[in-house]
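Shared between the two complexes below is subunit A, which pairs with subunit B and subunit C, respectively.
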Partner chain A sequence: MNDLIRAVGDVVTSEATWISAVTFAALLGFGAVGEWVAEKSGTMNISLEGMLLAGAFAGAVGYDVTESTAAAMAFGALGGVSVAAVQAHMSHHLSADQFVVGLTLNIGVLGLSGFLDGEIEPQTARAARTALPLLSDIPFLGDALFDQPWPMYLLYPMIPLAWWLVYRTRWGLEVRAVGERPNAAHASGIAVNLRRRQSIYLAGLSAGLGGAYLTIGVIGSFDTAMVGGRGFIAIAAVIFGGWTLRGTIAGCVLFGTVLSFRLSLPLVGYELNNELLTSLPFVVTLLAMAVFAQRVRAPGALAQPFIGMPD
Partner chain B sequence: MPTESAPVLRVEGLTKRFGSVVACERVDLSLHPRRIHGILGENGAGKTTLMRMLVGLHTPDAGTIEIDGQPCEISNPVDAATYGIAMVHQHLSLVEPLTVWENVALGDNHRLDPAQTRDDVVRLGERYGLPVDPNAVVADLPIGLRQRVEILKSLRRDPRVLILDEPTAMLTPDEAHELFGAIKQLVEEGDRTVALVSHRLDEVIEATNDITVLRRGVVIERTASTDATADSLALAMIGTRPVALKVRTATASTGRVVLRISDAVVAGVEGQRQLDHLNLTLNAGEIVGMAGIENNGQHELIDVLSSLRSLDGGQIRLDNNEVETGSPGAMEAAGIAVIPADRRDSGVVLEMSVAENLALSDTPIAGRLGLIDLDAMRTSAEALIDEYGIDCVGPDAPMWSLSGGNQQRVVLARELCRNPKVLIAAYPTRGLDVGAVAFLNEQLLAAAARGLAVLLVSNETDELLTLATRIVVMFNGSVIGELTGDERDRTRLGLLLGGRTS
Partner chain C sequence: MMTRDRAESSSNVSTTSWIEVVALYVMSITLALMLSALLVEATGGSAGTVVEALVSGSLTSPGRWGQTIGIAVPILLVALGTIVSTRGALVNIGQEGQLLIGAGCGAYASVHLGNHHQWPGGVVLVAIIAAGIAGGALWAGIAALLRYKRNVPEVLSTLLLVAIASQVVAYALRRESLLLAPLGRGQGTQTQQTLAVPESARMPSPEIFGNEVSLSLVLALLAAFMVAFALARTIWGFRLTVLGHNARVAQRSGVAAARYGGIAMVTSGAFAGLAGAVMLVGGDFGNYRLSAGFAANIGWTGLLVALVSRGRVLPAVLIAFILACLRTGSGFLAATGVERRITDVVQALLILALLIPPALLYVRERRRTEAALDSRDLS
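Our next item is the complex of A and B:
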């Protein structure tokens, strides 16, 4: 028992743990912020995984072509948006089933990026850290949050921006209305499917940046297994958060921390079965969902297609 | 019709079809400033479709809409708003999880201004006697207040023409009275016009200046409200259609009571009751017709008798034994068979075969260990196909390959083959052709002759008048009146449908 307490103490006080946790939380955050907007509009956007991977690959290609981190991020965003375009138009224009489209996209992106990776073999490098003055001097969390490659810092303004968009603009009001009662929104003169498509585009943009951040800001190279189901965990974070942005971010931090154990535990000198650690975040996600899923209210029309006004 | 001034809005020859169903046929209508125009009609008369065309939610197939004499094309509610037309929908078009002011702001197209919107809600609410807290969440408000929100939402755009679709359907009499006060004020201040869609005779006569009566999508009558009487409107609304088919009425029965529904209560939202102390008895060997405008409790009653819902009060006794409500299969086990209102939704499974559909509720065919005895299923299906004259290529024909009339025969065969004591037929002839209707009517009469108690819920006046021994009329969740023998005529029925008991 004492060993366990000491172990927890070691882990919590290690800066390496924090850096690792924040890195994973940031990746989930990039995915979850956009996903949150898409789900507010009524789409259960499961192609998030594919959007992250497309962003990661496009980011690698962008870096290979331009050798510029900024350009790589822009490429990544485009990669995510292009997956979003397919998802949006298939599910909210042609009325194809959004889950089938999402599932197909995830598999398709995996195959296509693997193929292109072999053909192009993009050469990438990990971006250098940029310490933000003063902020990075905060004990414990300073290095983890504010002494990182700069692409991660893109996430910080995105969070309040997404909140402002959804809760303080007409666009956001309409997004919430189409996610709750599409018929009522339609009767009020709102283009339901257009708002939903736009929300999916935002998810693609944010996940694309997240994917490129993973390639350029975290790992420094592309691999088809690099996203490895974390897109789904980001979706789980939105549900865990009860479709509030605050809760979603909390979910990202919780799941990110669990995800980081696999890297951080060995660093502080503890061993745990590797396979067990790999499955741990998914187990925690399931447990969290079991506890919280009953207590939260999803958008009223989540995952329901809008075809038209009933007669 | 009195015309003191040029019409604000004039439609000519407006026609709308949904597939082969004509919802509105060459409708002409003129709305004049400072007048309240009542649009009266039964369910399916085309009232709502007509109004939806005026706000761009349906596109007319033919006809013109003119505003101030200028022809205009309205393709969505935002267009309608720019022309000054706003509609308060029957099934409220509010987003419940949002606040009052957020709902009011929906459908504007300028920058979101929360403070201004809240002020507007308060100001308009005070001016027209419709106060409501702009920061309240709509889901927390009672129905009457939600309707206010809906009206304020329309008024905020300062419409010249305000359309109200069945505004009192969910209101208490007091709330309705307040609402009409506000509407009168609206019309008198400012050059506004109100179109009031309703099926309630009294309120239309009292609250309006002009009345247009629609039946089956066609304008039947135009009159000034001062010239109209409840009798004349009731007759116009129901019509005197020639009886298409000569059918016998079930012989008046003196059979014993089979089904007794006493004091049945189903609670609705906000303390309203969907069934309000309903009492009804069905005797063996009779057909009881149940009439009523939509949303007066018929569907809730059918749901209860299909074990889909439980009662919040009262009880149902079959052969003097109480039947548990809301317990799946209990009604069926007790001997109540139901022909459901929506054949495709709850009557049959279109993707399954005729034999499978016929076996759906017949558990013995499931055979041993939960396995289906395919031979037994096919044999019994073949017998029923013969007996009920179901036109299909065989027991294995997929259900979707059958015509509507034959699908309904399958439902009927399945329900009757279990020898029930009571048959509830909910709108059984809806959407069927003449031949299928005749067959179904014969079957209902035959069932009654065999001693079943039949409850025929229908909107078809002719069907009710010809088949039923007595007709009960539903209004606000209970039976408002009963017509037997010579009382069964159109005028009396029309008055009862409109809520008039005298």
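Our next item is the complex of A and C:
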């Protein structure tokens, strides 16, 4: 235990660990920002994991075809959105159970990307880092936040944009209404399921970008195990944050940091039990939720389907 | 179970004929299969040979249908447990972890009672199964506690516990005092697996028509009957159903959510754990040894079976068998040059296809009812 505390102390003062923490937090952030919008509209979007993986694979294919990072990101977004399309229409058009659809999609994307990966074998490379002038000179966090492959910078505008969309536009007002009281929203003329589908599409877009970021910006190659349950942690970050965007981002930073321990602790010279390190993010997520879940209030109609007149 | 089915079908009779239902199912399944075939053809394979390989690998080749049953049994057991928790409107999606912990506990019993203390085989077999049930129940119990004491959504806690379970078992598989098999004579490196379950403690599988059919089939069918009976014919099942339909009504009529929901959750974990133990003593997975990838997606598959069969036992039996066929059949795909992962895709497409007809019919039914109510209000 003392070892762990000292290790944490060392980690906090090492720049390399900041970089890997921010990398993981960014990956979670890409997933969680979209997931937050979807949950605001009343969908617990379990297929986030599949969206991330689809984005990662589509990004790899995009890079293989075009050899351009930008195109790879666009492909990734498309991959995420196509998973979102299935999730959205199955669960908020046909009103199939959203968890069943989500789980099936996760397994399906895993199978499909594995199958196609074997057939196509896309060749990818890691994008070069782009340092933002001035910002990257900030001590400690400068390199981690502002001297990264550029796809990561997409996340920075996405966060305020999501906030603005949900809290400052009519669309966002409708999304929140749909997530809280779908019947009332329906009665006041809002197309409940349409808004929910649109929110899921947004989740697919942001998770797709996140997946492509993972392939192109972080690892540089595709592997079916590369998302490995982190989509679920991103969902947990939304719940941890009590369905506020601030809290969600805080959750991403916390869980991202814990995720990075597995890479960063050995880097600063600490040998901790590998199984403990691998399961730590999940244990911390569970504990965090055990502490915080009681204090927050979920959107009123979270995970409840709405069946009304055609929209 | 039967009363519920009858009630459902009678409400459907008014607007939907069974021909329509069958046609819908046939259409959506055909669509799923055509999409799969298209995928195979597009990547340079031949759909015809894939089908042949799947059928021969799962049913027609000698000894294969026995193996298919050996795989269908744990899938069905997981599904049965999930049917119970789903009836109480609990979304337990951590069966994969509960199953692995169950198998881990079973393996612990097998190693320590069977291999070390050499207890009689029958006793060890019962101990393995009991340990499996206890392990799975415990793992689901954590999620139930978090749900009812700390308000943590069980969707997420069960999911996170899957990841933790695999690390717990991996940890135990590195310790000789827990599960790891000691280095055998003439063995260079230690592989991360347990000792094999002693021969006397394995599930007997008598040979029927040239196929080894594991006796766990009897266990699973018995369990299926019990679940169907408990849910349809007991007060407990009725109360659980009430809880699942409307938590407020349940509360007003004296059904304690924490108690009934908690028991349902633990039951579903126990079934997953039982499935893990059965996999261990059945030998179709890992050759009577526990190793890292032992759970092999059986938990996920069983969960999907339960959800697709919409809480009914008989369809669950059928779907579990079909998915088991896909799995054993995929073993024969290598010869056709098509990546065996294709069966995962086929499985996902099939499940999505099975979801469409009931959802469509349900939506239409609801809209018609609402339209009828609206027109009555107007007149």
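The definition used in the following text is that the second predicted complex is superposed on the first by the 302 of 311 C-alpha atoms of A that agree within 3 Å, B and C clash if a C-alpha of one lies under 4 Å from a C-alpha of the other, contacts with A are read in each partner's own complex, and residues count from 1 in each chain.
Here is the rule we use: a residue touches a chain if its C-beta (ideal position, glycine included) is under 8 Å from a C-beta of that chain, and two chains touch if they have at least 3 such contacts.
Please read all numbers here as calculations on a predicted model, not as lab measurements.
K.L.:
A:L103 in the overlay: touching subunit B, subunit C, both, or neither? Say first, second, both or neither.
P.N.:
second
K.L.:
First (subunit B), second (subunit C), both or neither: which does A:G229 touch?
P.N.:
second
K.L.:
In the overlay, work out which of subunit B or subunit C sits against more residues of subunit A.
P.N.:
Partner touching more subunit A residues in the overlay: C.
K.L.:
Which partner does A:G9 reach: the first (subunit B), the second (subunit C), both, or neither?
P.N.:
After superposing on A, A:G9 lies clear of both subunit B and subunit C.
K.L.:
Enumerate the residues of subunit A that count as touching subunit B in its complex and touching subunit C in the other.
P.N.:
Touching subunit B in the first complex and subunit C in the second, residues 309 of subunit A appear in both lists.
K.L.:
So in the complex, which bits of subunit C are touching subunit A?
P.N.:
Within the complex, subunit C touches subunit A at residues 39, 43-44, 91, 93, 146, 150-153, 155-157, 159-164, 167-168, 170-171, 174, 297, 300, 303-304, 307-308, 339, 341-345, 347-349, 351-352, 355-356, 358-360, 362-363, 366-367, 370.
K.L.:
If we count contacts the way the header does, which residues on subunit A are in touch with subunit B in the complex?
P.N.:
Result: residues 168-170, 173-174, 176-177, 180-181, 183-190, 297, 300, 309, 311 of subunit A touch subunit B.
K.L.:
In the complex, go through subunit B and note every residue touching subunit A.
P.N.:
Within the complex, subunit B contacts subunit A at residues 18, 23, 49, 52, 56-58, 76-78, 80-81, 87, 89, 92-98, 102, 105-112, 153.
K.L.:
Mind listing the subunit A positions that touch subunit C in their complex?
P.N.:
It comes out as residues 44, 46, 86, 90, 94-97, 99-101, 103-105, 107-108, 110-112, 114-116, 118-119, 229, 232-233, 235-236, 239, 273, 275-276, 278-279, 282-283, 285-286, 289-291, 293-294, 298, 303, 307-310.
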